[in-house]
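Chain naming follows the written order as A, B and C, and within any one chain the residues start at number 1.
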C-alpha cells in the first residue's frame, strides 16, 4: 500500500473559472494507490469542481492532472487523446454521482447497468456477464433476485449501491464520489458507508470522496482537503485536521458539528 | 538515538480562532526518551498537556516545533514532519495508541474492531479473528458482547475494547492514555499484566496513569509535568 | 402482373422531380456515404410531394441516382402493390418516365421499405432503403453530439446492453426488426426496419445498398461486397426467424413468411412476404397442393 513511491493521481495548480466565477484555484494534491482522500467544505466551495477536473469531466482553466496509467505510466489526463481518456473513464476510473439518475441508466435493468462497462470493454458472453453482474449485486448487498428490475423500482440507497456496483465491475483503480450518501436517510447512509469502507479497503481502491459531512469523511478517508472559496485552506491526516484544526475556517467547520 | 521513541524540544499551543484568537500554550520544549522495555509515566495536574504529548507522538496533533523521533522499520521517522502516509504507516506498524476515549466505527462489532488492527497489518482473517477473541476473552468481554458494536457498551467495556484493539498487535511503541481509568479492580489487574507483558517483549511504553497503584505497578520511570513548562 | 411497364414522362416536372442542384448535393452525400461504409452523412433533405414516413429519404436517393436507362421496382413489406409502393412507382413513372417492374431480376434500382427481396441481388443493382430512424444509438443516447462521438470512438459496447436486456427478459434476443449491424468492422448501423431474416443478405452483397432518412436528413451506404455483421453474444449467436411450415402458395421453405387471415372463421396461412418471389416460383411450377387460392392483391 504505502510502499508505492509514485502517486496514482496528482493535481498541480488546478484552477477552474466559470466565466468570471471562481470554481477552484491553485489546488495541489497527490493520491496514492489505496488511499482515500476526503474533500470537505461548505456548499459552493469548489469541491465538485475539483472532483470533475481530476476525473476529466471538466477541463481546468489552468493546471495539470497527472494519472499513472497501467501501461504508459504518468499522463496528463487533459492532454491525452479523447479515446484514451474515455477508455480510462470506463475502465480505470469510477464515478459515483450524488444523484443516482446521473449515474445509472434508468431504462435498463440492474443487471444491464452493471454489465454495461463489461460490454463496453468487449465482453461478449452473456452468461459470464450475467454471472459477474450477479456477483456484484451480492457484493453491494443487494438481493440478486432484483437483477432484472429497473433501477426506478429501487430505493435511493439501493440505487446508490447499484451505482457503486456498476462502477466497480471493471476493477477500477480510483473512484470519484460526489456526496455518495447525500440524499439518503441517516440509517441508509450508515449502511452505505459501511459498504464503501469495506469495499475500498478490500479492493485496495483509491478514492476521492466529496462530502460536507465530517462524520462521513472521518469514517472513510485517510486524508482530508478543506476547501473554502475555491481554495484549499488546510490539508492533512483526517483525524489530525478534525481534532487539531489549524485554519480558522476548519475550526469553525469542526466546531459547528456535534461529533465530527 | 538509542531509544525507540525520542522527543526533543516539543512545543505545542492551541490558537482558538473561533474564540477571539485566544492562544493556549501547552508544551514549551519537552524532551523525553523511551527505551525498549521501558514504561515511562507522564504525571501532572489535569490540563497540563499529558494527552497532548501522546497525541503529538501519534500524529493526531500537529506539533509547533521540536522533533518526535520514532524507530520505524529500519530507520527513524520524525512524526512532526512526516507525510500523512508515513504517519499512517507508523500507526499501522510501530505505534499503538490507547486513547482516553474509544472512537469506533458504528455498527462494526467489538471482535471486528479488534481483528481489524491485525488485518491491517497483513494477518489473515482467521488468525486475526482468533487473536481478537482471545484478547477480548482475557479482558473479560464475553463472546455475546464481542459480536455487538461497542457504541452501546459501558465506559469500562469500551475501554477494554480500546485496549484490546491496540494490545492485540505487538507494537514496538505503545501510548497509553489512562488505560485503567474506568476499570474495576479485577480488570485493572488484567491490564497491568498485559502492560508488563508488552514491556517484557521490549515495547517502549509512554503512558498516563492516574491511579497510583497502577502507576507503581507498571512504570519504570515517572516524568513530572508542570503547567507551562515541564521537567524531565 | 406487369414485368416491365413503361410510362410517358410528364414534362411539367424536371427529370425525377428534384432540380439538378439538389440531385448533385444528394449525390455528393451518397458518394461520401459509399466511401465510408455505414457512416451517416447529413444532407439537406427537401420537401417532397409525399409526407415524411412515406419514404421521402429513399425517394430523394432514388431521384438522384435514377437515369433514363434504369428500371425501377418499389416494394413495401415485400409487396409491390401496396398503396405506398404503387404511389412511389407512379411518382417516378410520371416524373422520370422510366420503366417500372415488379420483378427483382429485371430491376436496376429497387426502392424498399421493410424487406430485402428473396431473389439474390446481382452486381449493378442498387437497393434503396427507406429509413425512419437512422441512429442506432439513439435509444440510449438522445444527444446527437454524443452519439457522433460514440461513433467516432467506436464506443459501441452499450449496443449490446440492449441485446442483453432482450435475453434477460425473454431468454433470447427478441429484437427481430431493425437489428443492429456492424459495417465493414467499423460503423454501427441500423438496417431500417427489415426483419433480421434479411440481415445476412446485406453481408457481401454484390449490389450497392443506399439508405435514405428524410426526416432525419441522413444518407448512408453499404458498398458492394462489404461485410455486414449482426451483433450478438458468443453464447447467444445471431439467428434468423424460422417457420415450421412452408409457403402455402409456392412451398418455399427458405423465404420470409407472412401470416395472413384467410376467412372470417379465423383461418390462417403462411405465405411468402416477397410477392414477386412467390409468383415467380408458382409460375415455375412450385405449387403447394394443399394451399388455397390467394387474392392477387396480397396482404
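Basically, contacts are C-beta pairs under 8 Å (C-beta built on N, C-alpha and C of every residue); 3 or more make two chains touch, one makes a residue touch a chain.
Everything quoted here is computed from the prediction, not taken from an experiment.
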Could you work out how many touching-chain steps separate chain B from chain C at minimum? 2
Relative to chain B, which chain has the most distant C-alpha mean position? C
Nearest to the mean of all protein Cα atoms is the Cα centre of chain A
So what's the Cα centroid distance for chain B and chain C, whole Å? 79
Report the inter-centroid distance (CA atoms only) between chain A and chain C in whole Å. 47
List the centre-to-centre spacing of chain A and chain B in whole Å, with centres computed as mean CA coordinates. 33
Tell me, which residues of chain C touch at least two other chains? none
If we count contacts the way the header does, which residues on chain A are in touch with chain B in the complex? 2, 32, 35, 190-191, 194, 197, 219, 222-223, 236-237, 239-240, 243-244, 246-248, 251-252, 255
The chain A residues in contact with chain C across the complex are 82-83, 86, 105, 107-109, 111-112, 115-117, 119-122, 124-127, 129-130, 147-148
Sort out for me which residues of chain B touch chain A in the complex. 14-18, 55, 59-62, 84-89, 105-108
Parts of chain C lying in touch with chain A, wherever the complex brings them together: 140, 149, 153, 155, 157-158, 160-162, 164-165, 167-169, 232-236
